[in-house]
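There are structures below to look over.
In the two assemblies presented below, chain A is common to both, partnered first by chain B and then by chain C.
Let's turn to the complex of A and B:
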């Protein structure tokens, strides 16, 4: 299948208080049209930075990004839209819902007033908001409604790829479930591709076809959703899965988690995860692991997985 | 150990009255973990604030609580002075906002020890170092001199927990203690909470919107909606056989690792249920009576209770 998005070995470093932070350090991935990729990892793993690189909000210092066959590093395209994590902060408090959704079209200058209004109404309907909200201000909306306005704002540009940064983390569980259902049906209707950034594996599980697990600026495991969830290869993925609290009290376990999310200004040598890995060996602390395909399409960057298979 | 009776919190603004918590009663034994679950606006945090005497001054509060053999009335705020930080420990959701940015974390943890236990600053420092290493804030000897901004979110929450348990409180209240944290750090903090309750036979009031967190830790669960308790039972009863439609909705809305989400129901647009059941406007099974009359609390077998007309 032709790939809609191809990311090749991109890196983004920045300097904060004199230390160089390797936020994204050599990441490659690809995504076919109409599919959804979940980017998971703890805070500081570089997942949001990677999303911003793809959206063109940041320009990589190294590597290439191809979208529909064209190089797009540092370019913002109407067909790639970013829905920010905190919708309260992302929506201008002094603009009404209609103007917020319409803004992109006005900047584009392609449509007349009436056409724009029609498109706003279509977008509003697509995200399941009633027309009565058209002239409200963001502070008059609930968290779920604000998140929907943010999505409508992105949808009105007719994107082919939507980057969703933690879309449900700030919502109540019931509003979150409704938003996830909306994201699922929107994707089918409009044949959209998603990159869903989340620290919650269960959210990714609900919406995505593929998963990429990031740790300290690198992807450590990627594959299809079923592969990652039923047979995780990397210890980090296993750690994330075990830490997810199950609502079933019979399956109570408070797993012993070693260490803390990595500090991106002090990235360990060798495998970046080795200080927290229960199975780390000498090789792990000296040599960064290469990707290894354990089953077709399921790649793991771990020395131990590789030796256990042979 | 703790029994709350008829707690009611109201806010009045010009001519409108808003009841944040309506006639809530519950109790917790020593060594027990009581989970309170509900959406935002369900009154769960207001309940926690009332138990610590930290409600905003404009809140009108009635009811009483008996704690450690003493009966206290919520109207009288002064009784909490000596309890907060010594017998009742509190951990809030946002450690970055709760810690004083201008004081070292060591000083902030030592404060209750000096104030309530009468330790000298030197003794308090030694105790703080001991607490820090017990809670995994390493290297403890250096960490006590750090300011909150120098710590990660997980470490900040550990500091909050250290300050809360410094005086070995009998009752620990944790209001969304892990909401802002990564899932791995969440597991670590939950483990520490569990260890504290287990080792000191303390009671823990765990407030969370995440049924997963509640299921991992709680013994008993209160489900709150619109300021009332709609269901109460053991964690097994609530998670495996929920009765109230609201509890069912919460459980069905939780994304799970093992199963795809089946979207339950839509809200009943435009329904008003003033004076009726707090959940009627969103309930898929509502009847006429639900809109008119508040459902009475029914006591069921095995200490279970629920408030629903349909059941």
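Let's turn to the complex of A and C:
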């Protein structure tokens, strides 16, 4: 299948207070059209930075990004839209809902006033908001409503790829669940591809087809959702999964979270995870592990996985 | 946390005073019982009476009428030079804050240069070179009053430009102009409104000062400043001659400050630095 998005060995470094931070350090991934990829990892693992690189909000120092066959590093395309984590900060407080959603169409300048209004109403309906909110200001909306307005604002551009940065983390459980249901139905309707950035594996499991687990600026494991959740290969993935206790008592023996996330200015040599990994061997602290395909489509970057197989 | 209606009373008193003063100025021809230029040799330096509520000056002119006509000059200078300062300040502050880098450095150094010129001195110099006229006073006060606004706008824009809604607009393909006009300007407006309100009394005072020196708008056109100048010799004999123009200067400055402070409290802003 032709890939909609291909990311090849992308890196983004920045300097903060004199130390170089390797936010994203050689990441490759790909995504077919209409599929959803979940990007998971702890805070500071570089998942939001990767999302912004793909959206063109940041320009990578190294590597290529292809979208529908074209190189797009540092370019913002209408067909890739980014929904920010904090919808309160991402909506201009002085604009009304109608103007917020309409803005993309005005910029494109392709439509007449009446057509624009019709499209705004369609988008509003698509995200499940009533027309009565059309002339409200963002501060008059609830968290879930704001998030929906932000999504409508992106949808009106008819994107092929929607990058959602922690879409439900600021919402309460019920509002979050409703938003996830909306995201699932939108995807089917509009044949959208998603990149869903989240620290919450349960969210990813509900919406996504693929998962990539990031740690300290690198992907440590990627594969289909079933593969990752049923047989996680990397110890870090196992740790993340254990943060969500399963109702099934047979699966409660997963490892606990140990240690602190790595300091991005002092990334350890070898496998970046080895100081926290109880299964680390001598090789782990000296040689960075390469990806190893444990089952078709399921890649793990861990020395231990390789030795266990052979 | 300040109460929700903090500054409301101040704002209301201030704005009502401004409205009354503006109405007096605009309706001067209807309200004034006498021609402000009409002299009356018989009734010079009359104390306030029924015929002349504020008395008459040394040429027998009605001070009430002259104060009303003087309000036109003062308020015109105040508001027009304020608009000019705000326009220049907004443009330069926005450009400096938004584009940053070399342009920011250039604009802000230029701002510092203008900031060190006392506008009073500049008005005096220019008026000495050119013919004293209303437009000149407005231009000079407006042309030297903008650095405060520019700094304020730059600061606001620096803070706003990293906000996610700016990035979000960029994602939709918004150009610099659109981002500045629709996203930065409306959000930077609050503090500028306060600064603009507070710059009006400063301009009124400068105009009155220049006229008092006899270098501003020239007699016989009545302004509060040149009326005070005329009253100088008669302070001991005719208190009303200096009192009423002075009272109106005071009321105007007071009204705009009250409004500005009220606005500041309502918008929940910290004290704004302004130029005197």
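Note that the second predicted complex is superposed on the first by the 298 of 310 C-alpha atoms of A that agree within 3 Å, B and C clash if a C-alpha of one lies under 4 Å from a C-alpha of the other, contacts with A are read in each partner's own complex, and residues count from 1 in each chain.
Here, a contact is a pair of C-beta atoms (placed from the backbone, for glycine too) under 8 Å apart; a residue touches a chain by one contact, two chains touch by 3 or more.
Fair warning: this is a prediction, and the values are worked out from it, not measured in the lab.
Asks: Is A:199 touching the first partner chain B, the second partner chain C, both, or neither of them?
Replies: Only chain B is touched by A:199; chain C is not.
Asks: With both complexes superposed on chain A, which partner does A:178 reach: first (chain B), second (chain C), both or neither?
Replies: first
Asks: Contacts for A:229 in the overlay, against chain B (first) and chain C (second): which applies, first, second, both or neither?
Replies: First partner only, chain B.
Asks: Could you tell me if A:74 is touching chain B, chain C, both of them or neither one (first, second, both, neither)?
Replies: So A:74 meets neither chain B nor chain C here.
Asks: Tell me which of chain B and chain C touches more residues of chain A.
Replies: Touching more residues of chain A than the other partner does is B.
Asks: I'd like to know which partner A:297 touches here: chain B for first, chain C for second, both or neither.
Replies: It touches nothing on chain B or chain C.
Asks: Could you give the residue numbers on chain A that contact chain B in one complex and chain C in the other?
Replies: Overlap of chain B and chain C footprints on chain A: empty.
Asks: Using the touch rule from the top, collect the residues of chain C that touch chain A in their complex.
Replies: 163-165, 167-175, 178, 182-183, 186-187
Asks: Within their complex, state which residues of chain A touch chain C.
Replies: Those residues of chain A that touch chain C are 55-57, 76, 78, 81-82, 84, 86, 89-95, 103-104, 107-108, 150, 153-154, 157.
Asks: Given the complex with chain B, which residues does chain A contribute to the contact?
Replies: By the definition above, chain A touches chain B via 42-43, 143, 168, 172-174, 176-178, 180-181, 199-203, 205-206, 229, 239-250, 252-257, 260-261, 263.
Asks: If you look only at chain B, which of its residues touch chain A in the complex?
Replies: Per the stated touch rule, the residues are 39-40, 152-155, 182-188, 190-191, 194, 209-217, 235-236, 239-240, 249-258, 260-261, 263-264.
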